[in-house]
Amino acid sequence: MYINAMNWSQVEEHIKKDDRCIFPLGCIEQHAHLSLGTDMILSEKIAMDAAEPLGIPVFPAMPYGLTAGFVDFPGTISLRIRTYIAFIEDILDGLYHSGFRRILIVNGHGGNAPAGVVISEWMNRNRDASVKMYDWWRAPKTMAKVLEIDSRASHASWMENFPWTRLEGVVQPQHVKDCVDLNGLARVDAGRKRERLGDGCCHGLYERPDTDMLAIWEIAVEETRAQLENDWH
Amino acid sequence: MYINAMNWSQVEEHIKKDDRCIFPLGCIEQHAHLSLGTDMILSEKIAMDAAEPLGIPVFPAMPYGLTAGFVDFPGTISLRIRTYIAFIEDILDGLYHSGFRRILIVNGHGGNAPAGVVISEWMNRNRDASVKMYDWWRAPKTMAKVLEIDSRASHASWMENFPWTRLEGVVQPQHVKDCVDLNGLARVDAGRKRERLGDGCCHGLYERPDTDMLAIWEIAVEETRAQLENDWH
Amino acid sequence: MYINAMNWSQVEEHIKKDDRCIFPLGCIEQHAHLSLGTDMILSEKIAMDAAEPLGIPVFPAMPYGLTAGFVDFPGTISLRIRTYIAFIEDILDGLYHSGFRRILIVNGHGGNAPAGVVISEWMNRNRDASVKMYDWWRAPKTMAKVLEIDSRASHASWMENFPWTRLEGVVQPQHVKDCVDLNGLARVDAGRKRERLGDGCCHGLYERPDTDMLAIWEIAVEETRAQLENDWH
Amino acid sequence: MYINAMNWSQVEEHIKKDDRCIFPLGCIEQHAHLSLGTDMILSEKIAMDAAEPLGIPVFPAMPYGLTAGFVDFPGTISLRIRTYIAFIEDILDGLYHSGFRRILIVNGHGGNAPAGVVISEWMNRNRDASVKMYDWWRAPKTMAKVLEIDSRASHASWMENFPWTRLEGVVQPQHVKDCVDLNGLARVDAGRKRERLGDGCCHGLYERPDTDMLAIWEIAVEETRAQLENDWH
Amino acid sequence: MYINAMNWSQVEEHIKKDDRCIFPLGCIEQHAHLSLGTDMILSEKIAMDAAEPLGIPVFPAMPYGLTAGFVDFPGTISLRIRTYIAFIEDILDGLYHSGFRRILIVNGHGGNAPAGVVISEWMNRNRDASVKMYDWWRAPKTMAKVLEIDSRASHASWMENFPWTRLEGVVQPQHVKDCVDLNGLARVDAGRKRERLGDGCCHGLYERPDTDMLAIWEIAVEETRAQLENDWH
Amino acid sequence: MYINAMNWSQVEEHIKKDDRCIFPLGCIEQHAHLSLGTDMILSEKIAMDAAEPLGIPVFPAMPYGLTAGFVDFPGTISLRIRTYIAFIEDILDGLYHSGFRRILIVNGHGGNAPAGVVISEWMNRNRDASVKMYDWWRAPKTMAKVLEIDSRASHASWMENFPWTRLEGVVQPQHVKDCVDLNGLARVDAGRKRERLGDGCCHGLYERPDTDMLAIWEIAVEETRAQLENDWH
């Protein structure tokens, strides 16, 4: 249940019975021809869809994340890592203070990975909590489905092109983009990264039929929901 | 235009013609019987409604803000001030790096006021930019309309009860809440604050007719839009 | 009692009987033709005068505060907000460790307002303490007296021109300064602020008879003393 | 060439001809029956062996890294992530100020991965530099060799048991350890992690013949050296 | 000239002719039977007396410093070192922005020594400035005079007992205090330090005739003045 | 015993009987014609030699320290003081969490002195621990021996020229370097410092017979060992 659809006394009542919640992590960064908010949109929606039948509160996605490499693409906003770790600490402290003890962080952006280190540090100070850092798009079953459909998949390619991340009136390229040299991106600044990336997509087709996309989504929702239901502590 | 409805090359094109953008600040905190997301919902919506005819990009609202005083109401999440100032710095750096030079920060939560200090420091390092910290709900015309309707108005009272912040199935109290002692709240911790605040509302009725609310909204949208159109630099 | 007139064992004895103390906040910043130390001088003196008959310890004023907007006026020193919040935290920790539980922060500079957020956070970690952030010059009775005398009053105008803030040999302008556009100051850097502010005064006459000033001071001392005597916890 | 075998004027001369250097990252953490310094020993030695014929300066390994998850195993020292990112920034600033522009960071510990984010941020401020974050043990050829020998390999298993990381007088277990549940480790604090990990090894045999180990080492040295020789900028 | 006796335009005029200023560092900490403000009082007064005939601006002393070791003596306030270094950076930035290029930091408290490291870092970023960290009481001639009078001298002993640091009505002990074991203090927390220190004095008599004290002061003023006059850059 | 020669369970066993350990602090900085790693080499070796007969664990030296003044000599790496204090805090927290309660910090570099302030703060939070900051080269007996041999001794002079810090193939100058003006170094940036320092040595001969050096070393080892054996808490 979206936290914005609750008031504080409803949350208080809920926690008495169930100490689970979800916190989605997004990023506002270039996704080639797709929405700048792709990672935020997907992490929040997968969280909502997974939580819906369970009634677990879903906090608003953190829109902004770590994406220093893409800041030369306008519209991309990167937090400094020192800011981000402070933010993650505060969120965990706040959820804990509210009474939550089992927290699923649904992450929509690979670059946010240092949050996992913060979680590890934080749990040492809050030893009765359990926190999962969950990259929904590369969970085993979800990624297996992606690869089954088309292994040429990457950042900003078809695998992120859902009905809710594509933009009205924007026509996607029809070719298969060659795989960019990922090591060549990692060792240089955002300027050279932009030059080497062109439109921002890393590899593959830019769109596939919605039957493919919805099949992936269905698996991803189930796999995320299983994280809520099983294997805490 | 919501940034999530744009891709990076659209932003790049836009900035060539117009270097304005909007960044809304919210807060997830107790609002008595209303949504925990009230401040986030209102700041993002007022920004969207004001920007719409102008085509100015609106970045996703920062959901989380400064609300240490309310953390004993479950569901309330407060960032530490040190985290928040780092966050505001990063956002301004990111918007500037993208090319924006006139930035309207539409703030929906009084507690976020230290952002104004950060802006002041930041502009000294970026002297060709102009940044407005704009508390939409207490802009002169908007507040005058509120007071004209009913001066017994406060945090979590009728003046924040819009069709988009009230919750389905939640019945609002029908009495006028006496004004709490605000100084008595300020000098104590969150525990004593909660005791003294009861349901979380500070003063006044809990709801008023939508004709009142929409009249306020209309004025607020116009007043916010005027901020976008006039008096930069 | 000024802390510099005490030694540690006297403080230890005092706290056994009374856990109150005062900490004044100042700022070294342009005050047009008045002393750069105006805010420090006034906050420390009002604290001393208010505390005197009560024997409550007054710690030395923190001379430096938050004034990023005025740094292009030479002699103005602004701390970064991140430094300032760390400083306020340390002072509160130190006073608490000494044994003080009721702390009156007498603030002489509007720009120091983020200290209030730090206090709010700090009290959540020290729930048996009570801390008041008190802007002496805009307390209700004091401000009422100012407005009664002359409502054209502002930063660096007559209302800050006391016998202890004016400078020997400096002649004050004799005209009424028109009110500067405060919104126009807030949205720009310190350079444009200085251009728009001229001599640094915001509005009003530069001096008034000492009978006016001493009448204000008397009320302010009483109103500050009442803060020490009443309404803790 | 080890930097400890050079003086400052030799470094100055060297940089005039070659702006490459190596900085190894280690960690002091439990490695089951192996040395607590395993990651430091291996990253520094692989760096030295790779650099030797090229005469490239190798700075002393940073012994300490990010290992919050293992702190309940005595002897393990974990830096906070906020400290670590500051450290990495300082080292890069220092190497750059000395004149180095091509920097190979040879990392010996998976948990140090956030250094990669710091590098990405840092290169945006130093756009004429190129920095590689290189996890020597999972470089493609090295890892292929490991898996070819025995795919049951993990933290503190045989794959880290080199002549220079094993301890005199310590007898290694002779069985194959079952694979621990890595997700089950990630979601809990260091106390539960220790309970679930037993001796600290994650999976596999504890030792294999030195012919295997030296074959891996030889490939790893060559693969690391290739990083020094090729594909900068 | 005390900065509180100047306004901004006077500072602006002054800097056009002379880019020197003084910034005194104090500390509020136990000084046995003497004022808690001893270090602040002495550093500000020595600065004022030295600067007086030269007309060099003296900024208000920073009252608070680093004294973690004495916090178990009530009235002692210690800043964290991380706060203090940020504070020193900000002050230097502020003085530099005002136009000062030769800055004498007159330090009254040995524990503030890390300021010297901050100065060293800061000068690398501001290479046209010259900053002296000057411990007035242990400058060669001043300390020689102290030792000539009575070599049994220490923190809170007679050597800090000036007419302006002793307290009305407080009778000083008349014996010579044996020297405490300074290494024994350094290796333990503030609680054990207090136990071992008794009244807080480290060694020696508690008072000497004012002829001695004024002789020391005269030398110290001259020696401090020489720092202002000679050997910049 | 070098910690790299132990595994975690050996440390655990050791702490049950003896809660002492050693942590050496070094610095990578210019030492004229000697190794850039001189301070790291000496602090780690003196720690190892002192601890050897006692079986006390020696953690790997922190190679990097505070040396802002020498950064214009290539190969010198200086951490920012803010980073360094965070590092020292983390190390102490880590050693404490492992179970150590008596910690000898063997420091090889004068510039690292702010670590002492961090220790003082840290012990207030960990009041059952005892931590010594020990500058081995200026301990009383060691320094007396140095001065007995040749009082013209300084940074990078003969007194740091041991068989394990001198470099193969580097011929040392044969003259006595005049004493540089140390105050003249302290008040300027790293650029002017380099100009004034020439080769980096401050005063004295560059080498002396090994009989002298080994006599110093023998005394230093014994004096350091006595720190381990005596006077804790």
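Lettered A, B, C, D, E and F in written order, each chain numbered from 1.
One rule holds in what follows: a residue touches a chain if its C-beta (ideal position, glycine included) is under 8 Å from a C-beta of that chain, and two chains touch if they have at least 3 such contacts.
Quantities reported herein were computed from a predicted structural model and do not represent experimental measurements.
Residues touching across the chain A and chain D pair largely coincide in numbering: over half of the numbers involved belong to both copies.
Averaging C-alpha coordinates per chain and comparing to chain C, the farthest chain turns out to be D.
More than half of the contact pairs at D-F come back, by residue number, in C-E, the repeat among B-C, C-E or A-D. Here the spacing of chain B and chain E, counted between their Cα centres, is 47 Å. If you average the Cα atoms of chain B and of chain F, the two centres end up 54 Å apart.
Chain F has residues 71, 78, 80, 82, 86 in contact with two or more other chains. Arrangement of the chains shown, judged by which pairs touch: one closed cycle in which each chain has exactly two touching partners.
The ring sequence of chains is given as D, F, E, C, B, A, with chain D as the starting point and chain F next. Across the interface of their complex, chain F is touched by residues 3-12, 15, 28, 30-37, 40-41, 57, 59-64, 71-80, 82-83, 86-87, 89-91, 94-95, 97-99, 167-168, 170, 199-200 of chain D. The touching residues of chain D, when paired with chain A in their complex, are 66, 68-69, 71, 78, 80-82, 85-86, 111, 113-114, 116-118, 120-121, 123-124, 126-127, 129-133, 183-184, 186-192, 231-233.
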